[in-house]
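After this come two complexes, each holding chain A, first together with chain B and then together with chain C.
So, the complex of A and B:
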């Protein structure tokens, strides 16, 4: 079950650095991580500046900023789990959980702000009924606004986005660290570089998604979500190019374990 | 490490994080930095000149990330080369970050207000002189708290990330939370106290911000007094909860004790997320029950 663990003695040949297709596999995994981040940003309900005035449904900040906050929290969890356990799989999964915890707390306390600070019930402006709870939405939208707060469907969508984005960011981090082929103290020395590169790839993909969304999105039931395939394609191309550069950097730093050995 | 010590450190981290979130939100409110800045920027164009401090250095996450990194780099360098105690280097690092933040706030204020001269917005030097020290104090507090958290995490929680990088991550996170949680009350309530409570801000009223305080003309300091009662504390609670709940999984269910313990942490995380979703649903239902709909049900439903 160990993801790409170089110490496993059995398993498919492609999991070994000696295999010529090993770097290709790493590149594909990085690209997958980038695409996951782009998709996740589409799922998180963000209302941008209008949401801060209770004029739009979602969390009241920019897409990139919220996604970056959630993704970096997940990355922090992923790094500490990786340092403690050395297992790639559990690190990636707990990275996703860390992101989701951050985004869930932000959405819950934002709703407390909307309900007790502003006095508006959560309501969606894009759907007349909540796709999950089937509650009526349009009558709860106050005049001159496009909804406010985070209704249940948007909350579930945001949690799903958090877990997908966290997994994507942590996957990039683990793959880049493994690409160096180092372990022990050497891996600890190179860890900050893989963290910086994964933060960079996170921002690149969050900005791609942000352009596609254009300010506000409520989640999977928003009509804008149908444009996700375009952003995923763009993200795949750009993450592939950035991934080659990142892999080159890590291999240069780490010597790929072959030259060092 | 002993899990009891880990929990104690986490409690301390949570307490410091609450202060960091609180001061971060109030700093952005005094300078009207975040998303509601669009309204402060719009007001003179709608013929409502004001006496608010108007700075938008960048989005809150990036400006806080910058301040935290500047503070952390200077602290770590001083610790290495000057052999000073950690408390001293944290104070010196935070002061350096505060000075850079003040320079950015000052240039941003003059640039933004000067660009609105065609809309007859005056540039008040007394607003600049009275509000800038408040912004500086809050920026100092936020950076110092972030640095304290970084040093605690690096020393006790076995995080192998170097302190400046950790400060960048935490700075971006606190800005992200302050921007999304704390600004709701500032943007939707504090700036629009002239509108009836219990409704979102009608787009037709954009720019019509409140310009009078309880006594005299309103400035950023009056806004921070208003936000310190709700927006600031919720931001603090949110940041503390995020740091506590994400570190709690790895401290109590330390994956170093074996793979199965790591999976237990995963299950605990999923349970916590389910609990927040349930709490959100309860809040939504109670708000709808207590507030009621804005209009009668006679309208036909739109297309799904």
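So, the complex of A and C:
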């Protein structure tokens, strides 16, 4: 398969650039990447400003910053892996793992801060029992707060969000790079542009998810998570519009690079 | 009666098409005019085809500042309603779409790139703002117009920065490397210049002129960085003194802007502060015990 560099398998014809529907497939993959980013932000426990004062469950910063931090780490891993290995599939998977490691470190360190620094036990304000460990939560929530710290279910949800978001971001990057049709040294010129375009799409989708959840969410068990389909639809439309522009840029750029080379 | 009058006045302003409001008109017209002044009065070097001599690149700098002020004003208007996600989120949304549009329109390789970029940014901003406002249930008045304004302002700012550094919006060899660097810097630089001022000044005593002066200060600092990049790039080509006139003028202009804006901002801060007190000396060892 040309797209993911899996020469062992002989995939369907649509995966080769000669097919007339190849560009349509690339566009669908970019849209899928955007939707994955939007879904991933819904899974990450974000507390916003209240969580910074240990008055709400989650990491104490905004959705955009948190998603961008983890997403950019994933993208950095993906780009490094792509430059070293040249394989699209490994690049996408390791991008997801890079994001997961980053978001897990953030959640672990902020939990250490909440437990040993502020002196509060991790407790969820939205669920009376932790959906995974079945531990009692509501008795540990301090009066006047909506929970604090990052309990087990939120932690696992955040790690899952990291892997989905990282895969989405890396997928956009790989598809944009493959759209140019360049490889090896020719691709060096186009690498930074495709990274910047995927960062731009990452931020756009993170903000769409952030508006949908209204700034704070605890994870997959939060009632706000049910609104995810709306955000996914909006994200699909906006990413599709931006994806057409990105694809046109990369394809035109690929032709330009081929002429120059 | 005064309240009714103010309400009436606001109502009248809201009825006007959003591009004909004063800030929008100034940002749009001076942004485009600055870019085209710099683009049209430029000379290609005879001996070295990659070098574009733009003696009027400071005009694009002024255009960049005007576009950033326009976008920051829209951020101020939209954030007053309370987004619930922090002021930076709307700035990052605008810059994300603006970055895609700016890269697309510059790689169209035509002199009409700034106009095409502006039109696309307006349309995509309106569509995405409408989608977010109605489908996600934000219900913020005029959200689509403000997002269109932020997107267009950011697009104009990024295209201006391309003109300041590279001197052209038409492809020259090695352009993709320069473009990537400019857009990477412009992405976060323009975003911070757009959302920082309101985020730093927000509160019940937020004043329009103070916020705007801080925006101009941020934009001038960004302009200084771009002008320095342009100067080093041109100087490295060793094409004679005439190629670095534009960037040198931009550097001096941005330094003047920085000091003027800082002085004015500090004057406004002193005007709006209830009292300015000294913090005093640090407590001694015997005071702590």
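To be clear about the criterion, the second predicted complex is superposed on the first by the 245 of 261 C-alpha atoms of A that agree within 3 Å, B and C clash if a C-alpha of one lies under 4 Å from a C-alpha of the other, contacts with A are read in each partner's own complex, and residues count from 1 in each chain.
Keep in mind that, in the parts below, a contact is a pair of C-beta atoms (placed from the backbone, for glycine too) under 8 Å apart; a residue touches a chain by one contact, two chains touch by 3 or more.
Keep in mind that what you see is a predicted model, and the values were worked out from it rather than measured.
A.B. asks: Comparing chain C with chain B, which touches more residues belonging to chain A?
C.D. replies: Of the two chains, more chain A residues are contacted by B.
A.B. asks: Touch test for A:110: chain B only (first), chain C only (second), both, or neither?
C.D. replies: Only chain B is touched by A:110; chain C is not.
A.B. asks: Of the two partner chains, chain B (first) and chain C (second), which one does A:127 touch, if any: first, second, both, or neither?
C.D. replies: Touch status of A:127: first partner only.
A.B. asks: In the overlay, answer first, second, both or neither for which of chain B and chain C A:62 touches.
C.D. replies: both
A.B. asks: Taking the superposition as given, does A:201 touch the first partner, chain B, the second, chain C, both, or neither?
C.D. replies: Once the two structures are laid over each other on A, A:201 reaches chain C alone.
A.B. asks: Just to be sure I read the superposition right, which of the two partners does A:238 touch: chain B = first, chain C = second, or both, or neither?
C.D. replies: second
A.B. asks: Go through the superposed model and pick first if A:24 touches only chain B, second if only chain C, both, or neither.
C.D. replies: neither
A.B. asks: Both chain B and chain C contact which residues of chain A?
C.D. replies: On chain A, the overlap between the chain B and chain C contacts is residues 48-49, 62, 64-65, 68, 192, 196, 199.
A.B. asks: Touching residues of chain A toward chain C in the complex: what are they?
C.D. replies: Answer in residue numbers: 48-49, 62-65, 68, 189-190, 192-193, 196-197, 199-204, 206-208, 210-212, 214-215, 230-231, 233-234, 237-238, 241-242, 245-246, 248-249, 252-253, 256-257, 260.
A.B. asks: For the complex, give me every residue of chain C touching chain A.
C.D. replies: Against chain A, chain C makes touches at 83-86, 88-90, 92-93, 95-97, 99-101, 103-104, 107, 120, 124, 127-128, 131-132, 135-136, 138, 171, 173, 176-177, 179-181, 183-184, 187.
A.B. asks: Could you list, by residue number, the parts of chain A that touch chain B in their complex?
C.D. replies: 48-55, 59-62, 64-66, 68-70, 72-73, 75-77, 79-81, 83-85, 87, 90, 93-94, 97-98, 100-102, 104-122, 127-129, 133, 135-136, 138-145, 148-152, 155-156, 159, 188, 191-192, 195-196, 199
A.B. asks: Show which residues of chain B lie in contact with chain A when the two form their complex.
C.D. replies: 34-36, 38-39, 59-62, 157-162, 165-166, 168-169, 172-173, 175-177, 179-189, 191-192, 197-206, 230-231, 234, 237-238, 241-242, 245-247, 249-250, 254-256, 259, 262-263, 265-266, 269-270, 272-273, 276-277, 279-281, 283-284, 287-288, 291, 293-297, 299, 301-304
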